[in-house]
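Listed below are the structures to be examined.
In the two assemblies presented below, chain A is common to both, partnered first by chain B and then by chain C.
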Partner chain A sequence: MKRGARTSIGDRIGVGLVLALGVLGLAVLVVPSLIVLAVSFDTRAFVSFPPQGFTLRWYAALADNAQLVRAIVNSLWSGLVVMVLCILLGVPAALASGRGRFRWRGAVPVIVLLPHAVPGVVLGVAVLFAGSAVGLRPSLALQSFAVTAFILAVLVRTVLARLERLDPALEEAAANLGAGRARAFRDITLPLLLPAILAGAAFTFIEGFDNISIAIFTHGMRNPPLPVELLGIVQTETTPLVAAISGVQILLSTLLVAIVAATIGLRHVSD
Partner chain B sequence: MSGQGVAAFLDVAGVSKAFGAHAALDDCTLAVRQGEIVTLLGASGCGKTTLLRIIAGFVAPDSGTVRLGGQDALAMPVNRRPIGVVFQSYALFPHMTVARNVGYGLRVRGVPREEQRRRLAEALELVSLTAFADRYPAQLSGGQQQRVALARALVLAPQLLLLDEPFSALDAKLRAAMQSEVRRLIKSVGITAVFVTHDQDEAMGISDAIAVMRGGRIEQAGPPAEVYDRPASAFVADFVGAANHWPDEARGGRVTLPAGLSVPSRVIGRVSVMVRPHNLEPCPVGAEGAAWRGRVAFVRPSGPFLEIEVLVEGAPLPFRVTVPRAGAVPAPGEAVALRVRDLSACFVFPRLDQAAA
Partner chain C sequence: MSTQRAGGWASGGALLALPSLAFVLVVAGLPLALLLSFAVSDVGMSRGAIVSWSLTTEHFIAAVGDPLYHAAFARSFTLAASVTVLCLLFGFPIAYLHLRSPGWLRTVILVATIAPLLTSAIVRTYAWIVILGRQRGLLNQALLGLGLIDEPLRLINTHWAVLIGMTQIHLPIMVLPLIAVMSRQDPRLEDAALNLGASRLRTLRDVTLPLAVPGIGAGASLVFALSYTTFVVPQLLGGGNYLNAATMIYEQMIFALDWSKGAVTAAIMLATCLATVFAITMATRRAMRWSDQARA
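Up next is the complex of A and B:
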């Protein structure tokens, strides 16, 4: 009896804690986003809360601002390049680490994690200096490579975690049924890893799009990405245009998460 | 097992495999005749799975040969061996339906569409899963998953079927049903099979022959009755069915039991005389030819039999006695004597200083 009562109090504390954390998460992540979104539709030419009226004029102003549109396109490119590079480098790295038989396979996630452990600002400066030492000027490409090095760990870890939970007997079963290595990979391993690859890819895309600490040192002077451009704008601009830019970013992130959720959700993948 | 002069269909000879310093298999030799179901029986960690994996081609042995139908199986690539495997975890592809799981091998091997359809239907029919063709593995019960795994292997008509503890994930009742079902299935398609278990009842129930493994070696192989009635070692006697141990001394090729009964012995010195529970018979104290005296500790029904535990004077462990459930039943606490029904069915092995587990 006593024990039962204690457990139930423990349960209540646990549930309370989870609820509190959930509310906190909501407060920190979602509420500011909603405020920014609300402000972006304000009819007044200054930022204030609560907003008044409803207009799309700040979004129109954004679309008319060639410099900002250019920055958004730059950031989209950066996100895309970072994502593709991370998939091309990260999936094989995870496979080598999870399924390889070589001696240092355990070192792969550690090596991949190293740039991630360095503060972004330090990594940005380091890449800038190292780049100039070998004649690489700051550019959209240099920025994308640097962010790739930084964020690769996330994709490798996501894919590796999934790989380690996959029954190795699945690949053996495929081989036993007649599939060669490539065929077994295509038919069995890859489809089962796909949710993890997509989730990791979404993360890396967002980082490529959104990163500022590394991008600020490595971006091309004529090709600033959106966060860098935004940083410049907030210092002078006080209209809800800034909120509209954030609104676009929020929209893109939400869209991406929705795509991933839908893709993974549609596949009958059971863990 | 192959008798002398009968060619083995599966012939494993002198196979050894070490993982680091640990020898998982040590000079393992096994011969299986065509159409036979052979069970590898042994405690966990004795190398059963490793032997299956070597036969299937998932790992290469350090030494030794594996021949299948007279051909060198080790020379065949893993995906070309005519061997079906039912994995312990079933290893069903979670993202494929039952039909796609079972049809996978046919697709990979490029079997013509029409034939694929026919063989898939036959295989599903064989394991009574036609109605479940469009389900995903996660939507099936353990017994159904097991049958999918079986169908997936059998649809390719392999020459040999390997089953690694296929019932270990099932509950006791389903297990008993699946055992006879799987034996019937294997016999109906007439395939040669090597089956792995650590459960001696399962081994007895399903196999034409049993190979008892211990520490990476095959300790004894033969038909179930032979392994049970003529165990080659104390380990086998203990592992395959229960046995009572009586510590004694052997002199001049004999062991003399308390009532002056004598059992032939091939060894001398400290020995253990082992008597199966059904080879003992309770009788009144002082009865003629009773070797041991003791007190009944408890009596419990076991199917059509009664199992009696007797604390025998001079024995380190209580004796278990199995008698038909008819006639007078000794009550707990009662003094009884025990008589051996068939002296020739006692086994004598050297006594180990520590009781073998």
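Up next is the complex of A and C:
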């Protein structure tokens, strides 16, 4: 690293200040999660700091809580439905926009993006209205459909970005060598798109699992997803049970990101 | 896709886009149109079903003139604007730190930024309840322990708690676009400025920052839109009486079951949110043109 000729003390302080703010920002991002993790192993029946002792009883209590377990299962279903729908709808849409030869293909990503520009709360209220106008009560299905419409844009954008960086000559070469369009797609395009599809799918699954702003208005009364259940529990429960739920989520998400970082790389996600 | 033609898919591939377009139209387009029409209607409800519906601007006009609405939307706007500025204040330095770090540290910073995004907003807000709580909150305990205060401070259920919690929760959303834009910059531009004798600080101000403007614009739009419309953080950290646009919709829809009012509030939120995001986008474009001219 070459240093400029005019490196003054003021200059160092200025850059140092920016870097210090960055370190402080990172600490603010990470430390609250660490505190919650520490609290989740506390032996006492109330949340206090510093934690005392070490126990897994709150994690055990979590597994014993039928209401929570059912909410987690509901959220897993929602995540799965949202992810599958997004792949089935989104990959073809990205292909149509990136490889299609029709006049309004540029409009496809724009239209798909529109619901994502609408605040989740507003979309949730709108879907609740529309559902009841045609006699559809709030349900896990209605919730999953609404979240799909909201998050579809992310998968389309991720896949399309990758598609635009691929060389169409690869597919054409395969087609010219007699592979046929379908086979060229299956053997050339799809494998090359796979990292982007997986990254997009992961994000849509998480949104389906975690969404609260849409789910709060559209979820079924008898089968609320985890975030809806949590919103109530956080406001009433005073034991470290909530910290244990948090602990599970924090560990899972960090693990997931670490796996993505080690395998397909975080570039697909951060772009 | 099964039809094989020399030129490509049947109808040039347009059919592939149809399912997603139809889905978005039915699940988002029509419901939003209905929402807007509800905002200028009187909707009669019974047990979650619509029993009557007549057009009237009564609810809309009542809301526009209601001081409660003004206060709620003004508070949401100030809150979202402050959160956006704070996220930029911490977010740009994080992205700059990422830019100047060696490879392994870059991965650590990315993991620290992305992992919270995959954790529920409620869980992340809960962390602030643990930290800011009145009786057994970590901060109060620490201050009491150090003898700096005699009585626990009221930290939670305040506007400040909402501001701090929301800034932390939306910080990754500011950092990611900044990192994406700044990693695409040509590092030789910075090197050139340094070699020509510009100081680190001047290079940061005159090269790195102007080139990051598209990322700042993207991040600011996202953070503003989310902060303006989320009810989770205000609901959990603001206390029962905390009123802003998002908690107002939550209140009207979930507790009061007043769909006419809910529709009006949601419609105003949609319009003001989109208008502000549009303004941020325009400002970003102007800033980019300005920085291009300054360099030329």
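Please note the rule applied: the second predicted complex is superposed on the first by the 222 of 271 C-alpha atoms of A that agree within 3 Å, B and C clash if a C-alpha of one lies under 4 Å from a C-alpha of the other, contacts with A are read in each partner's own complex, and residues count from 1 in each chain.
Here, a contact is a pair of C-beta atoms (placed from the backbone, for glycine too) under 8 Å apart; a residue touches a chain by one contact, two chains touch by 3 or more.
Because the structure is predicted, anything quoted here is derived from the model rather than measured.
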Chain B versus chain C as contact partner of A:25, first or second or both or neither: second
Touched partner set for A:187, first chain B, second chain C, both or neither: first
Partner chain(s) touched by A:259 [first = chain B, second = chain C, both, neither]: neither
Contacts of A:167 with chain B and chain C, given as first, second, both or neither: first
Partner chain in contact with A:73 - chain B first, chain C second, else both or neither: neither
Of chain C and chain B, partner touching more chain A residues: C
Partner chain in contact with A:176 - chain B first, chain C second, else both or neither: first
Where chain A meets both chain C and chain B, residue numbers: 180, 269-270
In the complex with chain C, residue positions of chain A that touch it: 2-8, 10-12, 14-15, 18-26, 28-30, 32-33, 35-36, 39, 46-49, 85, 88-90, 92-93, 95-97, 99-102, 104-105, 108, 111-112, 114-115, 117-123, 125-130, 132-133, 135, 137-138, 145-146, 148-150, 152, 156, 180-182, 185, 206, 210, 212-213, 216-217, 226-227, 230-231, 234-235, 242-243, 245-246, 249-250, 252-254, 256-258, 261, 266, 269-271
Parts of chain B lying in touch with chain A, wherever the complex brings them together: 56-58, 78-81, 83-85, 87-89, 91-95, 104-105, 108-109, 136-138, 152-153, 156
Chain A to chain B touching residues, read off their complex: 167, 169-170, 172-180, 183, 187-188, 191-192, 267-270
In the complex with chain A, residue positions of chain C that touch it: 1-2, 4-5, 7-9, 11-17, 19-21, 23-24, 27-32, 34-35, 38, 48-50, 89-97, 100, 107, 109-131, 133, 136-138, 141-142, 168, 171-172, 175-176, 179-180, 191, 194-195, 197-204, 225, 228-232, 235-236, 246, 249-250, 253-254, 259, 262-263, 266-267, 269-270, 273-274, 277
